[in-house]
Structures are given as structure tokens and as C-alpha cells.
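Okay, so chain A shows up in both of these, paired with chain B first and chain C after.
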Partner chain A sequence: MAEKKQRRERPAFNAEIAASIGKHYKDLQTNKPMAYALMAPDPLIEIAYAAGIQPAFPENYACICAARHASGGYCESAEAYDYSPDICSYCRNHFGYIYAPGEKPPMGGIGEPDLFLLPTVACTHYFKWWDALHEIFGKPLIFLNTPRAMEKEMPSYYLDYAMKEVEQAIADIEKVTGTKITNEKLSEAVRLSDEVTDYWQKILELNKTVPAPMNLSDLSNILFILIVLVGTQEGVDLIKKCYEETKQRVAEGKGILSKEEEKHRILWIDIPLWYRLGMLGYLENHGCVIPISDYTQYIWGTTRMDASKPVEGLARKALGGELNTSVDDQIDKMLKDIEEFHVDGVIALSNRSCRILSVGIPDATRIIREKFGIPTLVLDGDHTDERIFSEAEVMNRIDSFLEMLG
Partner chain B sequence: MSSALEQMTSSGSNAPEVIQGIKTETGKRVMGYFHPIVPEELIYAAGFHPARLYRWYFEEPITVGDSYIQTFLCSYVRSLWDQVLKGKYPYLSGAIIPRACEAVTFLYQTWKRHKPTPFVDYINVPWKRTENAVGFFAQELGRVGKDLGKFAEKEVTEDSLRNAIKVYNKNRELLKKICDLRKAEIPPVSGTEIFDVVMSGFIFDKEKHNELLEQLLTEISQRAQPSKPLARILVSGGCVIDRRVWEMIESTGVSIVVDDVNNGSRSFWYSVEDGAKEPLEALARAYIMVPSAFKTSIEDRFNYVSELISEYKVDGVIFAINRNCESEKFVYPELNKKVKGKTKVPTLNIETDYLVDMAPLRTRVEAFVETLKA
Partner chain C sequence: MFAGVDIGSASTKAVLMRDSRILSYYILGSGSDFRKSSQEALSEALNRIGATVGDIDRIITTGYGRYITEVGSEAVTEISCGARGVSFLYPEARTIVDIGGQDTKAIRINDKGQVLNFAMNDKCAAGTGRFLERIAVSLGLDLDKMAALSLKSPTITAISSTCTVFAETEVVSRISGGESLESIVRGLHNALAGRIYGLVLRVGVKETVLVCGGGALNAGLVRELRDFIGDVTLPLDVDPRLLPAIGAALIAKERHVS
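Right, the complex of A and B next:
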């Protein structure tokens, strides 16, 4: 990674998203009530906006801390408070921030919540994390429990249960905040959220183009809208700009790499290494772009919602998304997308901090190799805890992988 | 004829042969299941022999399983899968695996993909204890009952469920009766013996196990009184299935008078309503209470543990947590604070793992016991 950095023209929307992130973190210092929320395909976000609640996302904050190389210190602080190095580093980053934020936390910090919004659509430890915070802060916990879709076809009572849970969460939020969530407000939040999903699905489709108009870092930036701003007009306006610019780039044949430069298209499996996004530049310098990852493709913005049936739409959102579906389903999607995105190599992060995205990797990479005969590289690492990252070892393995790609 | 306790203890070190023997003797097919959250009654009512999925070969190194399940995931799941792939459990006709922690949840999908048995099913377990959750869980159990019935070619009827509930409630009652003997100032039975007794219940037919438990109660009443333990200990953790951990702790002179682990009290603490009009709902209502870490709040867990501490006059709590048990590791910091702060009982945290060396753990337990004596 020591080689000279080449300047490439990134999509302009990245700067606008960065400004929106800055605004979001400023809002967290002033807007009330503020709720800690989770980065899953979480139906509680639309409900929060409909109730006038400002959501804050400790996982997103962990990404920022990692990118600013602050997460190692926070993880270490959490470990001093008995949070084991074997648990997710997003959580350790956050516990470390709570117990020892330091004088200048990144973005000015994430603030103290007035309540907690908890879905069970993703990692098991979401419940454990929020429950521990509930003990620490003593603030109300709104808990929406939904089943995991273990098979492609779900029994019908799964949706019934999820809908009742959404209704209960709405009632609980109304009780805690003293705010009535009218059908109009909820439908409007769902409509705006669905509009974001519509643009997102079109954006993903555009990235099938050769050369790819966006790399993994651009896609990851847009996720901020899918996670934080779903249910707001601001989110719709911002993602519309992303879509229009991407469409324009495709029309002009403008890629992250030029058509001549783009030699290989990689599928990334799992979460990016937030503290080493520079690795993407290294890959670009070797003619590789990452137009698709399971993390950006299958988790958020996968479920369309009917604004005239907001409770059902939100329940379906909770039941959809990669984090709530089966590994077999994910593998099938990857097999299809490898062809549609013209992928000729796979890099997977076997991520000790993200069990839910990592568990299927040994089988997934084996199945991909058997079906397509393309090279796969499995890296061991952690998406946030930089302390266990071995630069020399990882880059050696990436160099070998690049040689295999040819 | 060996004593009931000898039969139970030897079954743990010889489980595959014992289960194979039951299959041959009764003609029943064997259905494996994972976790105390899976109602065994459903499997029993469908005419299968239920056998808890443990890696019964305790010293077998993991040589195949790590190619499928990464090493940062639970060693209990990895070692079990390793032994299943090696064909160590040819008697299994199927498995039922719940949505629990990530490792267990995805074991279902790994199992389904590699098909070591003709049948595999899952159970979605609600993480709440509300009426909505009970209703959902009852429907989910009904679906699994139908799946089992289809595979067995024998419908799971309400009567067969009621009969299974009766047999299993008797088992719970007897196990609790034996556990209650440990409330005495000088417990007549050790924690390691109770470990063997409970684990044997995951191997034997439940009616046979009930007979052994009745016999054991008589045997215990005829025992000479042991010496008074240095301290009374509660062991808390996820799956503490390594017998050496229990032996090691008690070898320091203390007695494990009660536990809060998946292969211990959590497996039999809550009885199911007997003769219920809606047996599936009765099962859902009871099993939703199982205080496994992945689905239980710290408050509910603390209530469970603090009641045990009070009832069994516990002097010290030892958290014995598997290295990669994320659920238990998440709960530990706040639960530990609550236990120490509210019950004033000292605690120790030891990290266990598959084939872990006991010597360093023993040193830490010995130091803890010294502080309790002081």
C-alpha cells in the first residue's frame, strides 16, 4: 500500500453525503428526544421519524471512529470494563466511547440517548447490546421481536407476528414520547422510505455497467441514506442526486476506472475494513474495482413497501434483508449477481466481529469456486478493531490474489 | 446391577453406544435436538427417541469441522459438527436446531446443505415473554410437530403431547427434588454428580431416566454424610458440558450447590401445565421462560440467578463462559455488576474452551475459594 496514490475522479455525491453525515452528528447534540437505533433493515426508523424522534446509530459511529483510527483505543477501554475482545467490535467501540470518550471524540461524539429502539432482524447480540445499555442508562427500551426467515418461503403467521410487533412498538413509542403517531405521518414516512429504496435499487442496477460508475466506498457512503435517513424528504433528495449523477456517469461511460483500465471486477463479501479503505485505491491501481458486495447489495433497500399499508410494509421490511434470511438464499443471490455484474474474483472477510455475515463464507467461497472457477481470497480480520490487522500479511495475500487474477 | 448413579455417570462417557442400544432395543428412530429451548415433548410425542446434540467424544480434536465453521465461532458447535461429519453418530435420523446464537442458527443451514441426516428442522424462538410471543411460539411448535409427524408418518396428536408432557413433568419434578437436597448445609450429592445426572437425561429414554432418578433418591438417602464444603458455589454460563470444569471446581473443596447453565437447571426448571386444553400453547408458555442468554434480558436473568443464590445459600458465583460464547460474554459485565452489587456475593469469571488446560483455571478457582474462606 506504499505505492504512489493515483488521483481519480470520485462521484461528486460523496461530498454531499459527507455534509449530511456532519449535519446528522450535529443534530444528535440538539434534537430531542434522541434514540439509539441499529443499522439493520430496521422498521423502527420510519416509526421514529413519524414520531419526531431523532435516531442515532452507534454502529455508524463505530465506522467513523474506525476510519479515524480511534476504534482501537475505544475497544481497549471497553475491554477494561469486562467487554471481552471476543465480542463485536462495533459494540466494544461504543462501550469504550461511553466509559472513556476522551476529550475530542470523533464528530463531537454521539450523545446520550433518551430511549432505545431495538429490532431483532439481524445479529443476536443486538438484543444483548441494547439490553446492557438499557441497564447502564436506565432509559426506556422499545423492543420489536420478529422471527428469522430460515427458508425462502415463510409461514404466514410470521408476518402476523411481525405486524403485531410493529403495532405494539408504535403504541410503546407513543406512550414513552407522549406523541400520537397518526396513520398519515406513518404512511408518509413509509412512502419516503420506499422512494429511497426505489432509487437505491436503480443505482445498484447501474453498477452492473462496465466500467463500474461506483466502487465499494461510494456504495458504502450511500448506505448512510438507506440506514439513517429512511423516512425523510432529506433522504429522498439526497439519494435522487446520487442516482442522477450515477446515471449520468453511465451515459458518459465514466467509471471509477476507465474501460481500458478496468481489468477485474471483484465481489466483496462481508463488511469493508473501515480503517483501511485505502486498500480499495491499491486494488484500483491494479485494475480492480468492487462494484458489488453482499453488505451493500442484500441488506438495506431490499423490500418495497406499500404506503397505504404501512404496518404490513414495515413488518415485511423486518422480515426481509440478508441479515434476516438464510445463507442459502444469500449464496443463490451471489451466484446470480456474479454473472450479472461480470465478477471474476471474490474477496471475503472472515470477520471475527461479524458472525452473522461471516458464518457462510467457507461454503459460499467453495460453491462459487466450483461453479465459476474464479479465484477467491478469504482474509481473516475485524471490521473495526484495527489492533488485530496485520498489514504485511493481508497485503501479501492480496498481491498473491492479484497474480492469480492475472 | 450397578447403582443408578453409576449407570447415569457411565452413560455420559459412553453416550453413542447407549443411544445406539436404545435404538436397537426400542426400534425408535433417534432425533437429535439442540438447546434447552427445543421442547423435547414434541419429538417424544412423534415417536422418536430425543437425544440432545452434544459432542459425546470429549477428547476428539477438531480436524474436519473448521473447514465449514470458522474458529471464532463456538467450539461446542464446531466440535459437534466435526464429529457429525466424521460419521460418529450414525444412529441419528434427524436434528432440530433452534434460532439461537449465530453459531447455532447457522448450524441448521449448514446441516441442511450437507445433509448428514435425512431430516432437519428449525424452530424460531421468540425473545419476548408476551402473549403475542406465546401465540407465535405455539404456532411455530405446531408447524414443527407437523413436520415431525410427516417424517415419522405418525401424527402428533394432542393426546400424545399430553402424555409426553406428563412424562417430562415427572422428570423435572424428580430432578428438582434431587437438586433441592443440595439446599442442606452439607449437600449429600455433589455438583459433579448432578452434572452426570442431568446429562444422562439427554441420553436415556425419559421414562427409564425417571426410574433411575427414583432409585437415586433412595441411594442418596442411604449415603454416609460427606464433610462440610468450604463454600457453596453457583456456576453460571452457557453450555458447560466439559465434566472436567465441574470436577476441577469441586476438587478445591467447595460444593456446586446449584447452576445457571443450559445443560443444567435451565433444562428443567419450568414445568409445563399438565392436562392443558391446548398442549402446544402450554409448551410455548413454559419453554419461553428458559433463561438462556441469547433470549433473556439481564433483568430476567438476574432474577433467576438471585433467586437461586438466596434459595441455595450461595457463597460465591463462578461464571464459566466458553471463549466464543458471544451471548454469555455480552451479559456477563452487567449481570456480574448486579450480582455483586445487589446480592453482595463474590464472583469469579473463568474462560473455558474445548480441550482447554484445567491447571491455570484451577489456580484461579483456588485463589477465589481462599477469598471466600477469609
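Right, the complex of A and C next:
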């Protein structure tokens, strides 16, 4: 556990993404109208950009607060206002920030919204979280409802319904903002978003290479583009750079670890521990890289969209992604990718805050062990709330897992 | 001669071995200074056979304090060491239930003693030996007395709380309600056994199930565990707390030879 930090050459695009994140949080202080949005595969983001709305993401802000070790305090503040510790720590972080932001909130804060964009894609708590914010700020709330798709083959009426919801959301946003969203603007946002998806899928494909050109932290950084900048030229330009650099790294055989150093390739299940990404460095020092996680692989950038049919494309986006499918479907994807990514070990976070990603972990790890005979490790923790992280216990489990890998 | 030193949260154990035979061992409370307890345990084990540190070819440390010690520089987790120690002494074991002071571990191993899977209690102490230790203190009893009381009771008072601190409160409330101390104490052992069983189910129960760690010394707990798991084996010819230290000494020998 106690060992020297080794400095490794990280992909240069991380610095550009960091700069873009900085710019985004500055923009939140000035750009109007600004809407709180959610980190789902959410079609409302492209619609927002087409309408000239600046989206802001309290969940992304929670990740940043966690990385800067501010989340524990914000969660504590939220709990002091009677928000239960059983509520997702993304929510508690946000409520804590709203009620007690402190003198120097990370990134200068996330600003006050002019409206709320609420999809039902992804997490079940979104509705009540946004409902509470709607009460607190007294600003309009635009709601886009899409059905849960439990089977791989969706009935056609799901798509019909989702398209009607997208059309209604467009009309509602036009009404609230007084801005006409032309078909050209919407098509352009969808085209740009689809271009981001295209690059993302190519990037993920490149990470099958041994040695892996990117680790989980690099993939998580690129997700900022997939979540925050979809539908913008800035997003396309940035992810194009990520792709080109990754392609170059692969061509040069440059990995996070060298081919000789890379002994094990790990699948991470669930959300990374945002306050403890340094754990990846520890794993690297033991010859382990994480080229794939269900979180980075199956949620965003999974659905290609036809810019000539923007409403249909956006409806398909809302219906796609891991958070809107069955546990069986999630496991099938992992089984396929374990082979394609040459994975020989699994670390899963049984995430107190994210039951939607954690509920399938016992089945997934059991099935993976039975099919591939590779070691699996389940950690107990929380993606944002550092207070329930126990360093000694988690590292003890990691060390045991490393010994199992051999 | 090879040494294994297991610096656990409750106790520190040092074992000296030669030719796969235990020459000496020593167990003492870990206290708050792991450096001191590990040195003392090793010194006492050496003193018992009139040997010195210079007689040791290699030392492996294990347990929570494995990095916080100066007796050795090679550390292996107690999961791997426990599996190695158990498979050496009980080669038929496939499931290990190690009930320690801070951790309870369920470990599945194969016929070579390799770890196939393991599960540990989360950071709550309710599934560990600390659960009973805390409540013993609040009841003014020692653990042996608690176990004896538990074995006397034909009935089990349900202790519903899964939190050690709340369970203490619940015990007080049950006593005030007039329930017998024996039945309450058995209820506590039963509650702990239930949590441990949940952990064992995560790795799957495969015979032979070997129970070790300090918890294996508690007859009251073992009875309740048998109710949940079925047949379990206890280490009879060695202190059940020593198995990871034995495994550490065996690994020290294997590494030295290779």
C-alpha cells in the first residue's frame, strides 16, 4: 500500500478537456438562459443547444466537488437540512451546495438556473430531485417522459411515444424561452451530437488495443464531452482531438503502461470513486489498467442519430443506453466486451448511491466468474460521499484481488 | 526457519516454522502500536525456542498492520495467507469463515489452496467479533461468560438491529422488558451468525467449511453458525487465530526456495 508514486505520461487531451471544463463553469455564471440538466443520455441537451440554452449539470458538479474533496461537507450540509443519507450523494452534494455553498465553492459554483430540463431516462430519483429544485427556485420545468425498455426489441409504439414527447419538449422550450427552434438548428445540433458519438465509438474501439492507450480516468474525462457538449462544434473539435491522439498512441504502441508493464486488464463496474481516482495509479503500479467500464461504455454515445430525422434520432437516444435496459442486457454486453477487451479481472463498486448500476453486480460477477474463471472483487462505497470510504479496508481488498490476479 | 507475523486489529500473532512444522508461536493484544506488538510477538516466539532474529531466513507480515511494522518488509494479505494456512492444515476445506475483530471474511478456495473468491463485511463492525465485544462490555460480562450463557438458553430473543450501537440499546430495552439474559445473549450470537451467513452465501457454501479466527473460540457463536450453515469444522489442533500467520510463514518458505 505504501509506495512511491510513479509519474506516467498521460494523454495530452486531458489538459484540453480540463480547460474546457473550466470554460464551461465560467460560462454558467454568464450565459443566459441557463438550465439545470441531468447526466443521462438526454435528448433535451441537443434541444437546449438548438434553443441557445446553456445547460448545467449538478451531477457533473458533484463529481468535481468529490474530486476536490468538497462533497463530504456538502453531503453533511444537506443532511443537516433533513435530506436522508440514503438519498444519492449527487443530490445531497447539490442540496448541500445550494443551502451552504461556502465562501469558495469548487469552480466558483454552478450558478442559478432559469429553467429545469428533466428526462426520465436513467435514474429514478431525478423526478423528485428536480421537483424539489423547481420548488426552491420557482423556475419552469420541462419534462420529457420516455418508457423503460426491458427487452432488447422495443415495441414500435415506444418510439412513437418518445418522438411525441420530444416534439412536446421542443414546443415547451420554445414557449418558455420565446425562441423558435427551427428544424435547421435542431438538425445541426443532432448532426454535431452524432459526430461526437461517431468519434466516441471509434475511441472505445481503440482501447481494445494492448497496451491500452487510455485508463478509466481518461475515458471518464472524455465523458464530459459526451454529456455536456453534445450538439456543439466545441464538442466535436475536442473529441476529434481525443480520437486523433488516441489513434496516434495506438499507432506508436504507446499505452498508459508499456506492453511489458501491462499485465492485467480490468473491467470496472459502476461509477468511479471520484474522490479516489488515485487508486488507478496504485493499480497501474501493479501492472493493471482499466480499459473498459460499464459506466463509460454503455450509457452515453451508444445511439447513432440521423440528422435528417432529428426528432426520431433524439427519441432513439432517449430509449438507448444501459440505464434503460435490463440487467440481462447489461451482463450480455459485459460478457462480450470481456473477450474483446482481453479483460482478466473485474472490480465492481457496490455503490450506495447508485442502485440502478449496482443491483446487477452480484449476478454479473457470478456469471463472469463462472464463464471466464477470472477473479472479481466487489467494493462497498459511494461514488461521491467520501465519508463512507474506508481507505484501509478498500486497499486491503484491492491487495487481496491483486494477489488473486497473480 | 521462517516466520509469519499477523498484525490484526485485535491481536498480533507470530509463528515460527521449519520443515512445515510449527516450532513456536505467540499471541498478544495488538493495542495501538502495531510496531511494538509485532516486535514483541516475534521476540516472544523466538524466546520460547531460544532463537534470535538472525535465525530467521525470511519473514512475511500479514493482517491490517502488515505495512506498519518493522519486523519484515514483505507483506501479503490475510486473505491469501489465511487460505494458504488453512489449505496446509485442512486440505479438505473449500470454504473458510474467518471471524476476526474488525473483519469477517468468507473465502472460497480450490484444492490447491488458491483463492477463488472472497467477501468481507462492509465497514460496519456489526458482522465481526467487535459486535460481541462491545455488547459484552456494556453488559459487564466477558466473552466466555457470554458464550456459556448463550449455550444454556433454549430460546432466542430476536435482536433486530443490524447496528452494533443500536443493538446495545435494544439489549437494554429487552432486559427492561423482562426477557432472560440467556435468551438475549443467544439472540446476539444468533444475529451475528446470521450476518456472517449472509457473507458466506456471497461466495457460496462448499464443504468442507472451516471456521477460524477468534470467533471460532466462541462456542455460543459456533452453535448458531451451525444452525445457519450446517456442518462446520473447527481447528482442533491449533489455535484458530493462527492460520493466517501460519500461511504467512509457509509463503515465506515458498518464496525463499523459489
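We adopt the following convention: the second predicted complex is superposed on the first by the 404 of 406 C-alpha atoms of A that agree within 3 Å, B and C clash if a C-alpha of one lies under 4 Å from a C-alpha of the other, contacts with A are read in each partner's own complex, and residues count from 1 in each chain.
The rule we apply is simple: a residue touches a chain if its C-beta (ideal position, glycine included) is under 8 Å from a C-beta of that chain, and two chains touch if they have at least 3 such contacts.
Note that the structure is a prediction, hence the values are computed from the model and not measured.
Of the two partners chain B and chain C, more chain A residues are in touch with B. When the two structures are aligned on the shared chain, A:388 is found in touch with chain C, with no touch to chain B. When the shared chain is aligned, chain B comes close enough to touch A:161, but chain C does not. When the shared chain is aligned, chain B comes close enough to touch A:86, but chain C does not.
Contacts of A:396 after superposition on the shared chain: chain C is touched, whereas chain B is not. In the superposition on chain A, contact is made by A:361 with chain B only, not with chain C. Overlaid on A, the two complexes show chain B and chain C touching the same residues of chain A, namely 362.
Chain A meets chain C in the complex at residues 1-2, 362, 369, 375-376, 378, 380, 388, 390, 392-393, 396-397, 399-400, 403-404. If you check the complex, the residues on chain B that touch chain A are 67-70, 72-73, 99-103, 105-106, 108-110, 112-113, 122, 124, 126-128, 130, 132-133, 135-136, 139-140, 143, 293-295, 297-299, 323-324, 326-327, 329-334, 336, 338, 349.
Every residue of chain C that touches chain A in the complex is listed here, in rising order: 64, 67, 76-80, 103, 114-120, 122-123, 202.
Considering their complex, residues 81-84, 86-88, 91, 120, 123-125, 127-129, 131-132, 134-136, 143, 145, 147-148, 150, 155, 157-158, 160-161, 164-165, 168, 326-328, 350, 352, 355-356, 358-363 of chain A touch chain B.
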